[in-house]
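Below are structures written as structure tokens.
You will see two complexes here that share chain A, one where it goes with chain B and one where it goes with chain C.
Our next item is the complex of A and B:
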């Protein structure tokens, strides 16, 4: 996290860039890294995928560019005022506040969310520095770990994520930094991040966290930043290996990629969110064959997404090339819950143990 | 023409041998009565053509009413066509309606609708043959107290009218003719064609008012958009040698009193002077002093081919009556008002000649609005102010259109050939003393190279203007965005950044010229109604008494958004028909085609206003300026094109 003064200075810097362009009779413009698949490079030092040298410029030469500049000004000013008044707002609130920005108002929340990310990349600050938080909360976890959370009243509360919570687990707050959350003790061997709520609940019901000494994390689809950050801290601070367990389709692979490699949209903060050592446990296309799972046909969109992944540098490995090509050949996709074909306990008794043995976490 | 004429001669010869009914039965498909759908259209067409021709010849603004009512039997319909024409002299009524191939226009060489069909009597005959009912005619001549009523049958053995009943009746009309015919016809199918025929007729006859009353009682009025009649055509008393056929030549020789071949040629044809006559005789190997009556068939043939080989001066063209650019535009605008097209352009080519026949081509394009974007363009074809509804594919108009690469003009066209696809209606009118139809049904014009070429030239001229309009519009839209940018967004950006830094707002002029980097030219057109004699206000006074009902006011604004001062010449095109009034600032030159200004140097962000007034036009005739620039890179300029010279 940046200091408050630092953040304010960086926001003013944006205004300064525009202002000095105008003073010099230049057409004002702001440049920022291109946030696209074509512009992510593997950072050897950080071991994650970051933006490359590709640069996009927002110039007032075009109408769209000018609108973007104006919105950037408005948003920077708004954030400044929030910091000064010690307030925070959700991204959705920000969107509604922008309704009052006259010419600079957004057409959709997607646009304002996107611009907030742009501001991060321009300033090198984090969304949290801007006192903006996402609408969606983090996901939930269950496992033998004690979390100390500083509640809104300022008191420290210790929560045992099996004994002190119900079957729904402990909810990860949007801020998971040390000022808010610390790990006090842990008696588990690995983290299992699960895509769907149905599978999470299945493992909880079957007591997988207890029988296999696991911390179960529900990703809730594409995981929120706080979830990814939380997993990264579990990995780094507690040295727990991380496994990602998803459906068997192209969209699920992207969920894994955002946990392990960093998401394209947030590559500017990959080192802060990604867990490079996280491993893909399944369900993989080869599992469809090996476990003879029930399947659905790939849709046109699925095929397009798979092909796009073949050119995504994050998936440029032997494993992914083989698996994706196999899936294209099969023309099929499957789901985590398809494992129920062999009974409700199959996933906890057979599938996961077999996989974990392969990864060397469990012994035969 | 060839076939009807031949038929006429054959008929004359064989009249006693075959009945007219038999002749009609044999030829009804080519006469337009082949099926019940077309029969309705043809019958109406014959009557309406007669009405329009009669009105024009008498100098009357036509007011034609077409009423269709249901007959007594299934598929029987009553067609009534009533006009305000001069009326028909009583003794002429029976032959006009009751004798086939009777007419005054048959041998006149001028542009007329009449040569289009076999005549109203064919409709009368078809009615009689198909329903057994007789035609009734009421006609009144101006100044007479009563109208004449006739019920007429055709004696199919003798091809002569039989008066079933005649009477003198009261008719509260000053003059005019009304004809009623019962026919067997398919109204349900024919309605669409009939409507299209009447609407299209109205387009090419802007001086006519046509009212269409359907069996349901529904009334459609195709309004008159001008009060001026077409320029009367001068009848060519003599034919041009290029158009002549053997039969006609024989007849001419028979009727001529000349004794010498050279005199015959000089007196009976146009464009035959001393030298040309000598050349023709020499070419044909004939003695110019020989008696033309002694020519053998073989010699006549040599004479005909000599006509083609010797260069003969083109015939005079005042026998043609084009509609004119302004009126085509006005008509098209009126008839397409529900589509609210974005742009209408029209052009009239100068007269030209094919095998001795004068002809003239006019074209127009209606573009945009609610027209379908993904369907082939619609083609409106006309010959001598008569719509052609059938056989589109065989027509020279379609062929010419298909042989233009429309992709260059912003329309879709597979392989650059064929009928293009896009939001447009094409209008093509061919006027001639002798329209070369592909067949006697007279629905398609033959593919004569000279005519095809003229049609292409006309269409290309329209297409160029359409293209200019489209690009101008696109460029303007793009630049208009920039206006929002420099007038609204940029000042806001400056204000916000200054506020955040607590600094004064920087000046923006230089940034603005950098962003725009164009010279912007915008025009607007307004109309001011002016009073005529007394207090009468009028919309339509085009070409009448030299008094005008409307002043067209054009305003042009030029703004220099370049970083340097700009100096150039500006041209505004004016329509031929217009009279230039007040012009500000003082132009360098005014011709009948354009106004030219030599503008002073315009500094960056500075603007200049120009204006001019036009009289002699109706409201809407001139609705968009056509502007050209000279002495500046035209790429810098939005709203005007490069001046290509006079």
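Our next item is the complex of A and C:
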């Protein structure tokens, strides 16, 4: 997270660059990294996947390019005004705000979302610095940790995420940077990030956070940025190991990958979002066999997605190659809640403890 | 909500009925109301839409009917064991639990969901009485109200939904019956139920709950049962008028209808879920014209849905006929967040106050 002054300066720099191009009688342009699977590289230093050297440039030489530069200027101006007024805006609102920008009006929200990401890569700031946020809700957490949130009224509020919240847990806000959220104390051994709400509620009902000293985080499918950032901060600042517990299908492995390695769409800020040490706990294809789980047949889309993962550099490990190949051989997928086949307590009494012993978090 | 003893008795009654059929050498059968748009009638006494006199019967005369009766027995047994063990289960888990029921195993979750609803109509209990719950997350609320929640550990916890929560608000749990949730004090004038998270967060950021003494409830699209029940209780117990604020399209009108009149799927429990006095605040098709809002073209599906609403008894009023016919004429739809065309504060400074004056909640 940048200071307010830095963000304003970096936005001004973009305008300055265009201005100086014009002064030198050059056609203004902006250069950006290419955002595609082919252009992501493993950064050995940061231990996450980042964009490589491929670049795309956006020049006023073409009409489309000129429009994009115009929009960039309007957007920088809008962000500056939000920072000054201490406001924030959803990406959807930003799209509608552009109705007042005359020629610079966006044709679709895809365009405005994309430009917000471009501005991140150009300035090295985060979308949160720009006070832009998505529609998505924050995830919920429950566990023995005290979070200090600075509320809209500027008040510091301490919330114990077991004792001060209802059974639905603490909803994390869309901004989880230090200016908004800090961890005050924590008495837990690890973080368990859970794909589905049904399984999250199961572990809460069974008291797994208390019996196993866990901080439970509901990922809500493909996790929001704020959720990934929150998990990373739990890992880095509190030195808690992170385990990811999902369904057993290719889309769930991508959920794990976005937590551990970074997502392709946000590779320019992987070091803010990814938790490289996060481990995949299950449900793995080998669990289908070992635990004799109820399954569904893989669809054609599933098979395609699994094959695409075999060529995804993020899944280039012995573990993933073996598991994905096994799943293709089985032709089956399964779900977290399929463990209910053995009763409502099986997941907390048997499955998770067995896994945690394997990972060395729990003694036999 | 029924007492535990009543629920157990009512479940036993089903078994008794089958048993007595068998004793009389009759083929066992169960009769249920038909669940379709054609079989919903306005209940003048309760002021909500309920099922009419159409019935369907399920008899062991056919193999399918016999299987369903077998499943009904297993399910009643499972619910009884959950009540005794103070457990609850998601509908998904219930489906997987049936893996252990031999011949009574469900073929799909649709079957098990459907049977859960059938059991409600047969016994007159709620799904919450059966300790079954959906996957969906609870909605979030923010406003000057103190909620007392009885937590999983049995402790009574009072939460002020402005002062004790973060900016994401209080997440309402899946069970909002009196055994779990009670209202302790409230200093607000009305409830505003909001379709999208983006708009909910906008009103929170702008402090609308404080400046206008409102309780803001995030509907999260088509609202969960717990959200509808929560709103109804706010309306009945605290005598707060309820306004529903959605996008301007046929799907959003159905969201309003499910809050105000009851949903077709849950017409057997409309009197628990519907708030007949809830009013539609907007965005209405006439707002598209009056506020000159950005729009999208109606799709073929939109047009079909609008036309179907013209024959839906719940929309049989002058207001809805005029608005729906206007929308069909315009061929346009719009969104809550389209109000951002006029800036981020327009919705709270202009649009909502104008509407609340019309409804007589706010003085000019």
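The rule is short, and it goes like this: the second predicted complex is superposed on the first by the 306 of 364 C-alpha atoms of A that agree within 3 Å, B and C clash if a C-alpha of one lies under 4 Å from a C-alpha of the other, contacts with A are read in each partner's own complex, and residues count from 1 in each chain.
Convention: a contact is a pair of C-beta atoms (placed from the backbone, for glycine too) under 8 Å apart; a residue touches a chain by one contact, two chains touch by 3 or more.
Keep in mind it's a predicted model, so treat the numbers as computed, not measured.
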{"item": "First (chain B), second (chain C), both or neither touched by A:103", "value": "first"}
{"item": "Partner chain(s) touched by A:15 [first = chain B, second = chain C, both, neither]", "value": "first"}
{"item": "Chain B versus chain C, judged by how many residues of chain A each one touches", "value": "C"}
{"item": "Partner chain(s) touched by A:205 [first = chain B, second = chain C, both, neither]", "value": "second"}
{"item": "Touching partner for A:27 - first (chain B), second (chain C), both, neither", "value": "first"}
{"item": "First (chain B), second (chain C), both or neither touched by A:54", "value": "neither"}
{"item": "Touched partner set for A:331, first chain B, second chain C, both or neither", "value": "neither"}
{"item": "Which of chain B and chain C A:124 touches, first, second, both or neither", "value": "neither"}
{"item": "Residues of chain A at both interfaces, chain B in one complex, chain C in the other", "value": "none"}
{"item": "Residue numbers on chain A that touch chain B, as the complex places them", "value": "11-12, 15-16, 18-19, 22-23, 25-28, 60-63, 66-67, 69-70, 73-74, 76-77, 80, 102-104"}
{"item": "Chain B to chain A touching residues, read off their complex", "value": "481-482, 484-485, 488-490, 492-494, 496-501, 503, 506, 508, 510-511, 514-515"}
{"item": "Footprint of chain A on chain C - complex, ascending", "value": "82, 87-90, 92-94, 96-97, 99-100, 133, 135-138, 140, 147, 149, 151-152, 157, 159, 164-174, 196-198, 201-202, 204-205, 207, 218, 220, 294, 335, 337-344"}
